[in-house]
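Take a look at the structure set out below.
Letters A, B, C and D mark the chains in the order given here, with residues in each chain numbered from 1 onward.
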Amino acid sequence: MVRWVILVLLMAFWLPRQAYAMHIMEGYLPLGWCLFWAVLCLPALILGTRSLQKQAGDNLKMKLVLALSAAFAFVLSALKLPSVTGSSSHPTGVGLGAVLFGPMAMSVVGCIILLFQALLLAHGGITTLGANTFSMAVVGPTVSYLVFRVVHKYGFGRGVAVFLAAALGDLSTYVTTSFQLALAFPAPIGGVAASFWKFASIFAVTQVPLAVSEGLLTVIMVNWVMKY
Amino acid sequence: MDKPTFALEGVEYNYEDGTQALQGISLGIESGKKVAFLGSNGAGKSTLFLHLNGILRPFRGRILFRGQEVRYARKELARLRAKVGIVFQNPDRQVVIGHVWEDVSFGPMNLGLSPPEVEARVEEALNITGLWDLRDKAVHLLSYGQKKRVALAGVLAMKPEVMILDEPTASLDPGQVHALLELLERLHRQGIQIVLSTHDVDFAYAWADWVVIMHAGRVLAEGLPKDVFSDTDILKRASLTKPVLWRVWEELNKTGLYDGGPPRTVEELSAPIARAAADRRPTFG
Amino acid sequence: MDKPTFALEGVEYNYEDGTQALQGISLGIESGKKVAFLGSNGAGKSTLFLHLNGILRPFRGRILFRGQEVRYARKELARLRAKVGIVFQNPDRQVVIGHVWEDVSFGPMNLGLSPPEVEARVEEALNITGLWDLRDKAVHLLSYGQKKRVALAGVLAMKPEVMILDEPTASLDPGQVHALLELLERLHRQGIQIVLSTHDVDFAYAWADWVVIMHAGRVLAEGLPKDVFSDTDILKRASLTKPVLWRVWEELNKTGLYDGGPPRTVEELSAPIARAAADRRPTFG
Amino acid sequence: MSPVDRWAHANRWRRLHPLQKTVFAAALGGSAFVFPTPVAAIIPVIAGLFLRYGAGIPIRAFLRFMALPLSFLSLGAIPLLVQVQPSGFPLVWSMDGIPGWWIGVNGEGVRTAVTVWVRALAVTSSMYVLALTTPVPDLVDMLRRLNVPEILLEVMHLMYRYLFILMEMAQQTYVAQSSRLGYRSWSRSLSSLGRLGAALAVKSRLEVEDLYRALISRGYRGRLTVLPPPWAVCLKTAAWMGAAVVGLAVAAWLVGRRLHG
């Protein structure tokens, strides 16, 4: 057991920058899975675009709010977290936006952000855009959004709700990514399940502390924003 | 206090995209002097200032603060930054969020001072900058000039020995410039050394004890205002103009009517003119 | 073209938070004149400019453009904005597309011109502003001065009759100010009327045909530079100073040695000084 | 902040039609998926050569761009290499982990890791052929011709402009905070960064009003339209591109014959 922990920790040190590769990188997935995830995202993207058109199609100011929120989320994702490792994948920015425009609309914006990250920063990729959109622009923000609603509804303070929404959003993204990788690369023995635990336990080392700092950061941010 | 505040020796710095921002800067900033850096946009003034506070680290060359080489370990940097404060050109980047009070307390808090000490310093800084009445306002609701003062107060509250101001007069109106100058004068008298950059040759000429002219990442000239501004060639190379009063003085000088040195203010001009006029009247009388 | 470019009658405007930005502005801007608006920050210059291009709509009072009242229907506004271009102080607030060529094409495209016509205008605007070589650059990679020129080109490409510039010289260095002035002079000769705001009394004094002084949402004075700047009282109320050359001239005048009117440039000063000197020499000879 | 973006605006293929570049990049990238691994391994070389001799981007710059994904990837391939299995199955190398489980390397894992490693490298280099030569605004204009919904194009155009503005804001604010000792320790860093993020959110909200004015004053009438600079399809370049892809296909055929024949 101890050796297992040590091995995972070592991996974490080999993977210091893998932290912001919660993005699955370009060309990592086989063609079939690239298409599968892209197609899976399509309904959300189409519905999201429709809802955007309805909300902002003729309203210039709404469009600007949207574009600037997207730019803001992109920049936020590029800020380095003061944590052990790199920066985070930040579904949070998108999660914040989800509260504003609804999760469907934000999946579209999230997809655009991921496209920009692939083009400008070489984070993620065009071929894996579908898979990344699914984990980071659909699952993550939706979990954040739901957690926030539920926790807030049950009378917990805003701080708790925000922290849990951000941290669980982060964690759900990482679980989804691990699952996507496991599906694409099942273990010869033990199959998808064994592979999932392999990927998940490696990512856990960087992603759990990151989710905690991400959560704290979001609480601080939201507190300042709400004050003004 | 005899050692120069700063001594730079062959400082070079390149930006990521390969632009050579500083190409071997060597200069000394004497203790207690009011120093103005002049130069066009892109001359390297702001980049240089970021070195003085340890934000940027030279690729080559070294920087000495009060005779000691600046080191870039966390602790030593903290000590340097506690002594050398920078007020950036755009207050919107410096004044972040919160109430005026919260923003001004940011620096002292980071110094790790006790809450009463922080409070005392914030109060003092707010008073000296005339912001006391605005202390509970949200910073992003302030006017540009007020934000600029908050930025100044935020640095002042750290009680630096040297204050570096990047283009402090940019976008201020004449009244605000006047108020700023009075404040700087007051700080100067309190023993805080002021180093600033500006485009405004007239202002630099009237204010500074020592002028440094930069161009394209190099120091073209440094010296007393009266020496630096007499060098037409250097000013042209730095795409700067001569101060208006200097040019007026040159015109007056040509005539032989004027017997004073170059005046730094219109007031300084008037005495020699009055003398010239007095000289003249008898010849008519 | 005899009608005034703009006539404002009792224009009032309040901001959402209740600040009274314009408190009854009445003034006329004559066709063909180079007009400078002077005033401290917060005097209402920018707010007024936003009215001239129909971005803001007065609460009370009316605005006439070439004798016709400005109406706020979509079509009429589009027509006004095609004729009156505005260049904001901060180019980052004006340049909306990240690519120089495309940004400059944005305005002409909105005019509904054909692509070849748009292309021709973009080319012309890029050439006149000296941006041709930068046409394929990303806006965010340009320097501040270059961005400012992109903002200008974007308005120029719409071929406006009037160009309104909010603080065009702010944050520019002397070389850049000089280049800007040459460009504005060229546009003026092409028949584009230039209206601008500035803090810089020396600049306004040297450049403008007509000066408007604003303070706290009102017009304190308007007139020829020589009339406006002779009113010490008004300048003080607007927290403005007199132009340096004007003050020098006052000093010279006191002595009786100087026989010219107030000079607008140092060069204008030299002839009367030379005359005074020539007058004098014989009395010694 | 984005060296990729800087090259995209300053390369010799700047005026080449974006569609031509996109098709070529897609063909290269597609080849990496469908052709066998030894052929896919040639693709980064082809990409590098086209970037060097076509777009004029030095090999060294290209290698630097490849280095980061390469490091991600090499680390990312390790989990593929390492197998976790119930005990009793043979592995090339193994150690005992959780009781009853084995961790180690076997032939299958090595094959998967190498395949993925080569493929990812090949696809990444193909995408650089596009990303390093074509700035985002060009791609947005191209998408317009492909009938992507207007609202997305508008958001992309404005987002591209504003993310650089916001990034500059963030950087300058970060510098200003550091000069006031804001990042001295972990807890102060977290709190400073929280302030920075919040300020950015507030400021980008305030920016909406200014952007609105800018668009309106320049005659915005419901659609963000710009005239893309004149592009040209270059037939000579297209011939080279075609030759490269055909060459890959031939190589794939030869390798396939060798394997099966």
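Before moving on, here are some points about what is shown:
The working rule: contacts are C-beta pairs under 8 Å (C-beta built on N, C-alpha and C of every residue); 3 or more make two chains touch, one makes a residue touch a chain.
Heads up on the chains, UniProt names are B, C = ABC transporter ATP-binding protein; D = Cobalt ECF transporter T component CbiQ.
Values in this document were obtained by computation on a predicted structure and should not be read as measured data.
Among the remaining chains, those touching subunit B and also subunit D are A, C.
When chain pairs are compared by contacting C-beta pairs, A-D ranks highest.
Inter-chain centre distance (subunit A to subunit C, centres taken as mean C-alpha positions): 49 Å.
Distance between subunit B and subunit C, defined via averaged C-alpha coordinates, is recorded as 29 Å.
For this pair, subunit C with subunit D, the centres built from the Cα atoms lie 45 Å apart. Subunit A and subunit D have CA centres that are 18 Å apart. Multi-chain contact residues, meaning those touching two or more other chains, occur in subunit B at positions 97-98, 140.
Residue positions 224, 228 of subunit A are each in touch with at least two other chains. Chain contacts: subunit D has residues 5-6, 136, 157-158, 160, 165, 195-196, 198-199, 202, 211, 215-216, 220 touching two or more partner chains.
Pairs of chains that satisfy the touch definition comprise A-B, A-D, B-C, B-D, C-D.
On the side of subunit D, the complex with subunit B involves touching residues 3, 6, 169, 172-173, 175-182, 184, 188, 195-196, 198-199, 202-203, 206.
On subunit C, the positions that touch subunit D within their shared complex are 50, 53, 55, 74, 78, 81-82, 85-86, 88, 90, 92-99, 101-103, 105-111, 115, 118-119, 122, 135-141, 154-155, 158.
Residues 1, 3-4, 7, 11, 14-15, 17-18, 21, 25-28, 30-31, 49, 52-53, 56-58, 60-61, 63-72, 74-76, 78-79, 81-82, 96, 108-109, 112, 116, 118-122, 125-127, 181, 185, 187-190, 194, 197-199, 202, 213, 216-217, 219-225, 228 of subunit A touch subunit D in their complex. Subunit C makes touch with subunit B in their complex at residues 39-42, 89, 143-145, 167, 170-176, 199, 201-202, 239-241, 244-245, 247-248, 251-252, 254-257, 266, 269-270, 273-274, 276-277, 280, 283-284. Here subunit D touches subunit C in the complex through residues 5-6, 8-10, 14-15, 135-138, 141, 157-158, 160-161, 164-165, 168, 210-211, 213-221, 224-230, going by the rule given at the top.
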